[in-house]
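Heads up, there are several structures right after this.
In what follows, subunit A forms one complex with subunit B and a second complex with subunit C.
Showing the complex of A and B:
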C-alpha cells in the first residue's frame, strides 16, 4: 500500500483518530484492484457465524452461550411458580378465540432481563444501574417474546394432580373413554382449573460486547428456551401448594412456536450528515462496535422460515431515512440467509 | 370507538416558562410537551459539532420504566434527524413529554405516534429550526377470510384482535423515518400497509380528493389540515403535506409572536 511519506499513520491509529473516514476508505478503496470490505474484513452483507453451546449452567432450567464474533452472551432460563390466587384480577383462561386474555402478557409469565454492566466493553462501566441500552434491549426482547408468541402458554399452566393422573392412567378402553368424557365435561368445571403458572425468568448477561447486541441476545434466548426443561409440577390439594416430581424423566421441554431469528443492519453513509439520495450508503449487516458508533440508522428484521414460506415477525427501523421499501426487501433476503445460519448453529 | 371519533386537538405555547410547549390529544392520549433549547449542555455530554437532543418521557402514572427508555431512544434518534442539530454545537435541546391521559390498554407502539406529534408541535412552538416535520400513523392488520383488512388508528380492542400492528412515521418530504412492525405478516402485506400509510400521511403525493373519500371518517388525519366549513377544523401541523405546509408554518410563525398566550385553534 502506497502511503505518502510526509504523514504515516498505522491503520489502527487512523481508525482511532477518525473512524468515519477510516471505514469509508475501506469501503471505497481508491485502488480498484482491492475489493471494498469493512474494517473487520467482511463484505457489507456478510454476517459473523454464530456458535451456540447449550446446557452449560447446571442450576438453570435451560441455558445457552452464544458467540457471534466477539460478542458473547450467556442466557439462563429459570422457572418459578406463581399461584393463580396470588395474581391480582385473575381470570381463568378459556378456549374462546375471541377472548381478550393473553396470559403470558397479562400475568407477566415471561420476565426477560439484559445485563450489560459486566465489564463486557470499555463503554459500559461494571456495577452501575442499567444503562439506556440495557433497558431498551430488555423492552425489545420482551415485546418480541410476546408479539411472536414464541412460548406456548398452555405448557406453563399447572393443574391439580388428579387430572394429570386421569390422562396418563386408565388401563382398559372403557375407563379411558370415561376419563376422556369426564375431561371434556370437566374442562369448564373447577376440577381442571389452573392452580398455578410457571414464570420464566430469562436472564441474559453479556460476557463480551462487540456490536449487534439484540440479535445475539435474541439468539441466546431462543437457544436457551429450546433447551429449557421444566419439572412436572402439580397442585397438591391437601397441602395447598405446588409440588414438583423429583424424577428427571418427568421434566418436559417447553413447546416453542417456530424459530424467529433477528437480523440487524446499520446504515453507513458517505457523509456524516447525509440526506437521502445525496451520497453513497452501505447497509452493514451484523455491525460491530466501531460500525455501530458511526451509523445513525439501524434496521432490524425478524423472520421465521420454519414453516417453509418466510414469515416476517417484526420490522423495526429508526434514526434515518435511507431505508425504504426496496432496501427493506433486500434486508429480508439477508435475514433469510441469516436464519439458515442460526438454524444450523442451533440444531 | 370513542377514541377515533374525536379529532386531534392541539394547544400551543401554553407553558410560560418553557421555550416551547404544546399539548396534543388524540386517540385516547393527552401528552404535554415542553422544549428548552438550545441551552448549555453538561460538559461531559456536549458534542463538539452538534447539539445534544435529550428526550424525557414521563408516563401517566408512576415513574418511567424500561418502556419509557425505549420510547425515548426511538424519539431521540428520530428527532435528531429532523432538528438542525449542526446549527447549535455544544448545546442541548431538551424535550420533556408528560403523558397525562393514556387509554387503559396502552401499547408502546401506539404511544410513539402521539409522542412524535407532540414533540414536533413543541419544537415548532419553540421555533427550533427543523429540516422537516413528521407525520405518523398506526395501522393494525386483521385477517378476514383469507384477506387482510387494514385498520387505521385502531382501538385497543382492535389491536388485540389484529394479526400484526404497524407504526410508520414519515417526514414531510415523504421519506420513511421510523417503522415498528410486530405480529405476523409477509413482506407483500407490509408493502401494502406501507403504501396505505404513505397515502394517509403524505396526501400530497396522491390526489387529495380521492384520499379523503376512501378513508374512514373521523380517523382521517389528513382532513384536519384542510380547512373545512362544516366542521371544527382542529390544528394538525404534523400532517403537513408539501402543498399546505407553508400555510401551517405561517400560522405557527404568527403564533410564535404571541407566545405565552394559550391558544386553541378552531375554525380556520
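Showing the complex of A and C:
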C-alpha cells in the first residue's frame, strides 16, 4: 500500500505563501541552540554594510551611488542660479542672529525629489503619478534637510564681481578724505549685496529597491552633497547676468554642518494583527522588502556624532503602539553604531 | 499648474550655470571601432530581469570616464489585468526615461516627446526579437532609465542646440541593454537583438564627408546624417531602422554604406551581449 506522501515545501515557497509565520519561525527557533535570525540571515539589530561611490556623473555637480544590500540609489546634485529679483518678497540677509530669515527654506534653495518609478521593484512601475511612498520620502527628506541645517547657505549666495574693491584701493593712494572713505564703504556695502543664489536640485533615483528607502536615500544625498563642487559664480553688472569661472580650481565644495545619519527599525510583532501591548515583538533594524511588508510600525532616528557627543536630529515613528521611551533609547544606541558604519563608508 | 506631488523648488526661473569662457573642444580621434561597452546583468534582484550598460569615454577629462549609462529592468511576463481584452500574444510596454541629471539641460520628471519617441522605437526593435505567441494573455514591462545621456559637458556653445543626434546613440544603447535584460528575464527570443549607429560626418565645408561608427557628437564638426539599426545577427534580419539627416544626392551608395557600417556596429555590440550572458550562465551553474 502506498503511503501518502507528506507535503513538503521549500523554504522559498513557504516564504512566498505565508511570509509572516515564516519570519516568525526564523526569529523563534524551536531548539535553543540556534540563534534567532531574520530570513535574510542577519541578527535583529544587524544592518547591511553600505557601499558608496562618488563623482560618477559628469553632468551633475555632485553625485553618489549608494548600495545598501540590494537597495541601490543614485543621487545627483545640480546647481542652478536664481536672481534675487526673481524671488518674491525678497529680503536681504543680515548678519544679525536675531533675524528670523531662513534663506534656504524661505527662498526654496534646496529641491530634493525622490523617484521610485524606475521599475526598481515590481510595485513601482513608471507611467503613473508618484506613489504615496515616493511623495512621503521626498517630503521627509525635504524637512530633514531644512531642520538639520545641513547646507551652509552662505556658500549659496552669489555676489557681484570684486572689481569695486580694486578701484577703491587705487583711489586710496591718490587722496585720503575721511568723508569720502565712508561714502566708498557705503558703496562697497551696496555692491556686496547678494545678487543671486544657487538652487540645489537634489534628485534621487532608485535603481534597485530592497527595503529601507529613507536611510539609503538620505545617505546618498549626504554623500552627494559632500561631493558637490559649485563653480565660482559672480554677478556681471554689464551683462546683468550670473557668470561662472571655467577653471576647475575655482570650484569650491559646499560646506556642510555635521554628518547626520538616519537609522530605521521596523517592529515585527508575534501576532499578525497586533492587539494592545500583548505578545512578543522584535525590532528589525535596516529592514528589507519582505520585512517592511510585514511590519506596521517603523522608527527612524537621525543622529550626528561628528562633534563628539551624540545629537539627535530627528525621530519619527509611524503606526503601531509598541515603541515606548525605553525602546527609543535602544534605537538611538543602534543609530550610533550605524553612524560609525556610514561614516567609515563615506570617508 | 505645478505638480504638487513633487517638490518643485523656487517660483522664479532658475538658469543653469553660464561660463565666462568657452571650454576647449574635444580632440577628435579617428577610430574605426565602437566605444568599449560595459554590460552587466542582474543589477536589480527584485525585477525579473535587469541589465546595466556603460560606454567608455575615449577622451576623458574628469575621473569618471564614461559617457552613456543605462539601467534597464524587465518585469514580467505576468497576467494581464482582468479588464484587458484578450490578446493572443505578449503585450510589450516600453518606457524610456532620462534622469533629471542625465543631460546638459535638467530634465523634468514627466516624459517628454523625445522620450516617448525612444520608447516607440525600442518597442519595434524588441517586438521582432521576442517570440510573442508563447505568452498569450500576458504582458511585460521594459523600463530603461538613462542615468547619463551621451552628451559632452564641455561641448562648444554652437552645439548646445543640437538636433538630437545623441538620441541615436541613446537608442542603440537602449536596444542593447534591453536585449540583455530580456534574456536575463528568461523571455524566449529568436536572437539577441543589438543596436548600432553610424553617421556621415564632415569636419568643415572643405573636406569630404566620411562615415564613422558610433559617432561622438562633440568630436565632429557637423553630422549630416545618422542611422540607428536594431539587428539580429544570426538571422541576418533588421527589426528597426531609424534614419535621419541630409544625404548628398549625387552619391547613391552613401545610404548603403551607412547601413553597412551600422550593421558592423551592431555585430560588435552583440558580441558583448553574448559574452556577458555566457558569463551569467556560467556563474549560475557554478553556484547550483
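By our rule, the second predicted complex is superposed on the first by the 312 of 347 C-alpha atoms of A that agree within 3 Å, B and C clash if a C-alpha of one lies under 4 Å from a C-alpha of the other, contacts with A are read in each partner's own complex, and residues count from 1 in each chain.
Throughout what follows, contacts are C-beta pairs under 8 Å (C-beta built on N, C-alpha and C of every residue); 3 or more make two chains touch, one makes a residue touch a chain.
Keep in mind that this is a model prediction, so the values were computed, not measured.
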First (subunit B), second (subunit C), both or neither touched by A:285: neither
First (subunit B), second (subunit C), both or neither touched by A:316: first
First (subunit B), second (subunit C), both or neither touched by A:58: second
Which superposed partner A:129 touches (first subunit B, second subunit C, both, neither): second
Which superposed partner A:138 touches (first subunit B, second subunit C, both, neither): both
Partner contacting more residues of subunit A (subunit B vs subunit C): C
First, second, both or neither for A:116, with subunit B first and subunit C second: neither
Intersection of subunit A interface sets (partners subunit B, subunit C): 130, 135, 138-139, 142
Residues of subunit B touching subunit A in the complex: 65-67, 69-70, 72-74, 77-78, 80-81, 86, 108, 131, 157, 160-161, 165, 171, 173, 175-187, 190-191, 194
Subunit A contact footprint on subunit C (complex, rising order): 5-23, 43-47, 50, 62-64, 66-67, 69, 71, 73, 75, 93, 95, 97, 99-104, 106, 109, 111, 141, 143, 145, 147-149, 151, 153
Complex interface listing, subunit A residues touching subunit B: 98, 100, 102, 130, 132, 135-136, 138-140, 142-144, 147-148, 273, 275-276, 296, 309-321, 323-325, 328-329, 332
Subunit C contact footprint on subunit A (complex, rising order): 55-60, 63, 70, 72, 74, 76, 78-83, 86-88, 107-109, 111-113, 115, 118-122, 125-127, 129-130, 135, 138-139, 142, 199, 201, 203, 205, 207-210, 231, 233, 241-246, 289
